[in-house]
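Structures given as structure tokens follow.
Each of the next two complexes has chain A plus one other chain: chain B in the first, chain C in the second.
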Partner chain A sequence: MSTSEQDIIPVQSIGVPKPLVDGPEKTTGKAMFAADFQSIEALVGRILRSPHAHANIIRIDTSKAEALPGVKAVVTEADCSDSYGVLPIAMNEWALARGRVRYRGEPVAAVAAINVATAQAALDLIEVTYEELPAYFTAADARADDALDLHQEKPGNIEREVDFDLGDVDQGMAAADLIREVDVRCAEVCQVQMEPHAAYAEYDPGRERLTIRPSTQVPFYVHKMLSRTMGMADSHIRVIKPHIGGGFGSRTETLQSDLIAGLLARKARGTVRVVLSREETFITHRGRPESHIKMKVGMKADGTITATDFSVVQRGGAYSGYGIVTILYAGSMIFGLYDISSVRFKGFRVLTNTPPCGAFRGHGTVKTRFAFEGLIDDMATELGLDPFAVRRANLLVAPTMTENDLLVNSYGLDQCLDWAEAASAWKVRKGKMGPNKGLGMACSHYISGASKPKHWTGEPHATIHLRVDWDASITLLTGAAEIGQGSSTVMAQCVAETLGVDMSRIRVIASDSAVTPKDNGSYSSRVTFMVGNASIDAAQNLKATLVAAAARKLEIAPEDVECLGEVFRGGQQDQGLSFDEVVMEALKGEGTITVKGTYDTIPESWGGKKYRGAAIGGTMAFSYAAQVVEVTVDPYTAEITVDKVWVAHDCGRALNPLAVEGQVQGSVWMGMGQAMSEETQYHEGLLLHANMLDYRVPTIIESPPIEVGIIEANDPHGPFGAKEAGEGSLSSFLPALTNAVADAMGVRATDLPLTPDKLLELLEKKARDIKASGRAA
Partner chain B sequence: MEFMPQMQMHQPTSVEDAVSLHGAAPDGRYLAGGSDLLVNIRRGIEQPDSLVYVNNIPEMRAITETSDQITIGGAVTLRELSGNSAVAEHFAAVAQAAGEVAGPSHREYGTVGGNLCLDTRCVFYNQSEWWRAANNYCLKYRGEICHVAPGGKKCFAAFSGDVAPALLLFDAEVEIAGPDGRRRMPLADLYRNDGMDHLTLRPGELLVAIHVAKLTTSISSAPIASAYAKSRIRGSIDFPLAGVAVAMAVAGGKITDLRIALTGVSPLPFLAKGMDDFIGREGDETCLEEIRDKIRTQAKAMKTTTTPPHYRRRVAGALAQKLAASIF
Partner chain C sequence: MKTVLSLSVNGTTRDDVIPDNMLLVDYLRENIGLTGTKVGCDGGECGACTVLINDRPRHSCLTLAVTCQGARIETVDGLSRDNRLSALQRGFDEKLGAQCGFCTPGMIMASEALLRANPKPDEAAIRNALAANICRCTGYVKIIEAVQFAAEIANEIADEALAS
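== the complex of A and B ==
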């Protein structure tokens, strides 16, 4: 394909709606998820779980289970070399409980057997003697003076107490025209990703090597924790990430089921398949903690916020997990959205006898944002200000550094507000909605990856390999975990755009530790920003190689080569070389082309202020969102219908508008579940909600039309200007919903989820109050 | 999901064969749509050694209409029932209730007989074997205490079928086949107020059909107006937190007939008492509020769901009020 037509132009891949590159496998059912791997010799792995919420393990006798015909392995903590955890400073969990169980359902032992009936029978034969201990299911109970410590090294059951006092809060409050407080309680919620947890582990007894396919967002962390738990060399383990049915943070840390699959496979010296039930997936938890927030805000008559003073108590569950990060985010991420300078924060992360919480989409930011946006909405009403006006009175101007030293290089919140206001016809409809109908709005933001990695090794944040061989196809090798969010598509787009070639030239191979470069994984919306930039870097390196080859062949200087993607030429008069011809030239004397690209954050984004936890929240770029929610409330039953949502999301350059729209709608929808119906409930630590009936994820009937406005306030450091797209518009749904209900019914909801029973109580209280004041008058 | 134990499955084509197959394997169960039973089997609540599948029995698959009544086969699916025009014309609440059960895929294979014979439900009962064992089981199955009302000896597991209250409005009868032949009884007599043992079926008995006479208003030959509504957190899938069926006729602005039946708030579906008191009343706001309050006091929901009973009692009244208002 060589031509001298004048209209040769590079193929555009960025900014173009693109179907996801792994779509065909998923829509045809060919995609293999962890539970889809099966073979004749695969054993069934099943887990024995603690019936007690808090108990010492006196004795475990597995002899009867081991003697049962068909049982190939039984494992307990004795088979574990070490503890594990996601934060290097808080690795206090064991794949199988050691010495003590701390929540109902915690894994105690596991078996591998020839079939499920034998495996279940073996579990029933394992004898565990427990000594029950007092158990604490609320943060308040766990913090009581006489409470027993869940972990010796965490006195008072405080995982972490954090505080900061920035600016001058007292002076800010003194300068305020209006000070109001709110007391907010938000239920614990789970991700409920479509695919329950599973792992398929193959042990090669001859070579003493393990290959595992876990359902994870973080194959690298799973790799590290497998070697630590199993006492194996890192190099003896291969982690291959299969297709993943969603994560939303439930798999941003290694899960027991991943480790148990490895332990069982080694002990059975074979292949073991561990597939958790939905109940077990709920027990594994790692969702968003129940939180109690008290917040006080000072405001000038014009809506300017003068000070914010707040506390957050999180019920973290039985182990550390991400807890320290979550409670730090709950404080630090009050910044970055508005121009606020005086903030005092006190946070407590509490250990309780409930399943461990984790990092849920919008990590740490959601409940704080709910409290803040509801409070300033009420204050706006009281001051006679429009909710949009009060937000506009507090906008940042980029570039800037926040009071807690977070870098804000790009800022599209003003444009988000304009879009949401216009699209919802707010100005003409607000206040004129008629009985039982209302409009509410709120704003939110999120990071584009944490600037400092949890495991500081000195390596770049992201590394991409590109390989081109004689067939002239481009193989993109990445460790970044495609979990359904579209990361492999974005990388292919970045490489295709940089080279100007069609995306069909590119094959993405993701997350096989034997093949692909290391990546920290898919969490905190880091992949598009960091791995996207590494992809561009790699593609530029490949382009330089190809241009040099084209220059040789065309006998011109490299700087005179015009690279048009599929055609390289010296000028318009030149017939040029096809991509394939350039590749053939580049291979001469060199063989297969392999290039690398990397990405690193800049130190200015690391958060330099000298206070504890200051780095948390540091990012290269923030996304911004504003949304308007329209509701109708049934006055008989207090059921809320969300009629429509208008959401503007500033993701910088929208690399793939189709995927951005899907991510934003998904975020709004997930926020809706948390706002309206989803919550965990426990009976003395037993999960009442561990199924799809009692944990109420919205159905398609509850799903409103969600109109998305993509705002492109490009970030100077983003890949083609792009920023985060998959989390930032979650948290503004919650306050926008309760603000809309306040508009419709005149009641302020502070407890989430706002189920009809809670709203009915608010409405009845209001009716009683009106009656009482009528009598008084 | 937990694993499915091995079972033998029979597929008879007549009621008599079904009954005799069941008689030969007394630990078996009749299976229709399976949307309730199979979940309970996986959870270890039911452990039958065989299943007698009744959906291939032609007699149980038909809806037949005569001039004065309609017969609904026990294995008619909820989708078929909700879409049947004769049912919709004469028993609107029945068609609506069938259309409100769970989600579309459940209604595609769930049957009216299955919905009438649904096991009672409780958040302490509809859990896995591991869960129930960790909680020392409960009064309804293998345990000694009721976690809903500790100290009591009564099981409060709630009947949660949607169709039963709608049929109760019309004094429906059920036809039962068993080892001793066939019998007919009022639908109301199928139930007893005991969450542990809420069905009066004898061992081996099968609900073959429902017979329901066309009911007219007391002052004309028009079918009586009726409607069904249920409270649930989500608009699909969920069982009723409270379900309310109302049949009402109005003439000259005054109530001439009123019947209200409830489900989801006690171990059995039942017709509310005292509705005749409203005959002759005008359907003003006061009257509707009195209907609401009267239903509220009879809806004695207990803590059998994750939604508080306080709301379920109130919403039962609210739905009765709303439905009555809509018929006016």
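== the complex of A and C ==
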């Protein structure tokens, strides 16, 4: 049978469940993580950390450590050329503390030695003289009038104060039928990705070049901060991202361990492996800040929200990090989910003597969403409205711009609500759950990448290279950081789909600065949207090259070439050329084919200018989520069991439904940990729970079934219509849980995590109140 | 003090001189280069280092290597036979039981021990068998599905072997 008689169809690669392209490496143990690299000459790097929460460093004497046999290098701030940080305007951190330590566990010095025992002994020989300073472990203490400034350039220990007043809040409140307020506190939480931080650094002393494999989500930022800290040319550094054992935002900024590995390798003129303990990984932190939120909402009798007035105070920790961005998100992302226009916000990001906070999954949005969704649920109850009805009374209509100028081009929240309501059988079960059982729901959203880049260089947001050579395989070169979320798989799918070829033709090479194009990294859920689009662009360029070659060979016009993926032909009667034959033709006179694809956001998506920092929240597309949580509460122990979660997530076109489900389940579950058990606690700045058991990461025993409904409100600019899937459904779990507990037990929880002791207190207070009112009556 | 450790690792017999205070995980990773087994915590918190010692799942980070004298050790590096993924390796791959992959070696080895003892586990048995293994990516939903899938295909493979 000739090809022409067969039904030739291009291979479909998107919209179908796909295992990850690097899955087999992970299930066979072949995947190499940073700590897995070793060589006989690799030295052990260890870090000396501050025993004080706040102190001046008077003197550091490393001479005894340097003299210890087997010690190859000792580094301190004197070896650092400059500070580092996230935002160009707030780089106030040093790889090793300079002049002052600002939290317990801050790195002060580091050693490289021939083995662990020698490295540990060397740390004990480093003499540091401190002069202790008053330390502040709460935002309130740090903001006190007589508090000492942690950083000279940040008076009053305020990292950033944010203020906006949009629409007409006073008029909105006046128009409301019901006004209610809530006062919410949420504990600080940590990402606790499974892989402790690590870096493997090789220094070539002859050429004065550094090659480093750090456990990072942002190889490019690590590259920039290495050159800055080490005073080296960017071109003398090569950053290769190994397999990464999760991130969730803990690695969206350069960490000291990345920089210290580089500093030690250079000074030792060799190879150094720095692997942090779990305790050190907790201390490195970069988690979600402890937050105090006061919120007031005005609502009409039909559920229409008329005004929102709220404030957020975040305990940010000792250095700037992402702090400014986090407090801006806490305000701006009140918009974009519902049709609200009158909002007043006041935010304070406070510097304290605790480990620095960072950009945890759902960055800045989670606690604001918790406060809002709990408050409107109570108001709905008071007004006799169903929780679904009150959300439906406030839906947006896309396309639109919010009051703070966020672009909303696609909107599937209405469909998410429909799915969650139906899947959970809400209408028939709500209110009929029986004693100590309840149903709660809530909604949330998230950005598909921050539209305005942090570093405004004029480069595209994303660049992809494709290379095809004589073997007819397609090599996809990307700087995007695969951290387990499946970014390499998404790119391979986008290229395969555009060309109509099988994914097995595509080999992804990711994140090696010597080989792959620059990418800003994996954060703010930017990769699928931006790098996916760049992949499509590159594949279209490759297709054009191949079609031109096929046209030459078939002696027809390019527009007459029918590209069926594995076959290029001039018409049905034509047997056509195989992909391999077309590649061979394309190589003639040209040699290896290399094409590029890029992606840029449009200016309308860059956020507004109505207040300072209003660009934060600007994105090309929002994902949407609605979820229902079912709980059972033990009335005697106040232990909450989550029986089931139904979550609908609008990710636009689901490029890989399998991975979307995995991301949504992981998000919901991470929200559960934060809602019910997780909390970093400090005593005088000393981390109390620096292990995964006391910190209370949920185990498989208490983790519920999570049923996912994929909603596809395609975005006009998304790759095949896709939007983000990995963050948006986290934040609605928290209020859905407390709303379910309210349904089950009649108490409103405003202090997270909602541990049994806190819930028991609420239940006992309710019992006392009932008794008291009975006596009064 | 040092000891000559004689044992079998992934089917190969070995004799190695090791310090008495060496942990099994360090012996596997640092001495013989089997880095498939992971260290995710400071001891006994996360289960990423789970290996089989005489068919039973054990934390290699809480086990002194010298206590494995004469033992049969199996790690994730040795599960594939004839370059074919084992049923569990296929399950964790195809059902997305592995996202970042860092807990996966421990999850797979704990599941392997379960399936050897109980080839048709119900969901409660799977949850109990994996109670000491933490995953931070999946919410465990697809891990349970991966083990269920592996149990099914392993039974099919066994049935086919019997039939032939």
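Observations, loosely collected:
One rule holds for everything that comes next: the second predicted complex is superposed on the first by the 773 of 777 C-alpha atoms of A that agree within 3 Å, B and C clash if a C-alpha of one lies under 4 Å from a C-alpha of the other, contacts with A are read in each partner's own complex, and residues count from 1 in each chain.
As a working rule, a contact is a pair of C-beta atoms (placed from the backbone, for glycine too) under 8 Å apart; a residue touches a chain by one contact, two chains touch by 3 or more.
Bear in mind that the values here come from a model prediction, so they are computed numbers and not experimental data.
Once the two complexes are overlaid on the shared chain, A:T598 sits clear of chain B and of chain C alike.
Touch criterion met: A:T699 reaches chain B and chain C at once.
When the two structures are aligned on the shared chain, A:Y636 is found in touch with chain B, with no touch to chain C.
By the touch criterion stated above, A:E279 is placed in contact with chain B and with chain C alike. Once the two complexes are overlaid on the shared chain, A:Q540 sits clear of chain B and of chain C alike. Shared-chain residue A:A659: touches chain C; no touch with chain B.
When the two complexes are overlaid, the chain among chain B and chain C that reaches more residues of chain A is C. Once chain A of one complex is fitted onto chain A of the other, the partner contacts of A:S311 are absent, as it touches neither chain B nor chain C.
Across the two superposed structures, the residue set of chain A contacted by chain B and also by chain C is 277-279, 691-693, 699-701. Those residues of chain C whose C-beta lies close enough to touch chain A in the complex are 29-30, 33-42, 45-46, 48, 75-77, 79-80, 85, 88-90, 92-94, 96, 98-105, 108, 127-128, 130-144. Contacts from chain B toward chain A in the complex involve residues 1-3, 5, 103, 123-124, 126-128, 130-131, 133-135, 147, 231, 233-239, 305-308, 310-311, 314-315, 318-319, 321-322.
Across the complex, chain B is touched by residues 49, 51-52, 104, 116-117, 120, 277-279, 636-637, 639, 677, 681, 683, 686-694, 696, 698-702, 755-757, 760 of chain A. Every residue of chain A that touches chain C in the complex is listed here, in rising order: 19-20, 22-33, 35-36, 38, 191-196, 243-246, 248, 275, 277-279, 483-486, 658-659, 661-662, 665-666, 668-670, 672, 691-693, 697, 699-701, 703, 705-706.
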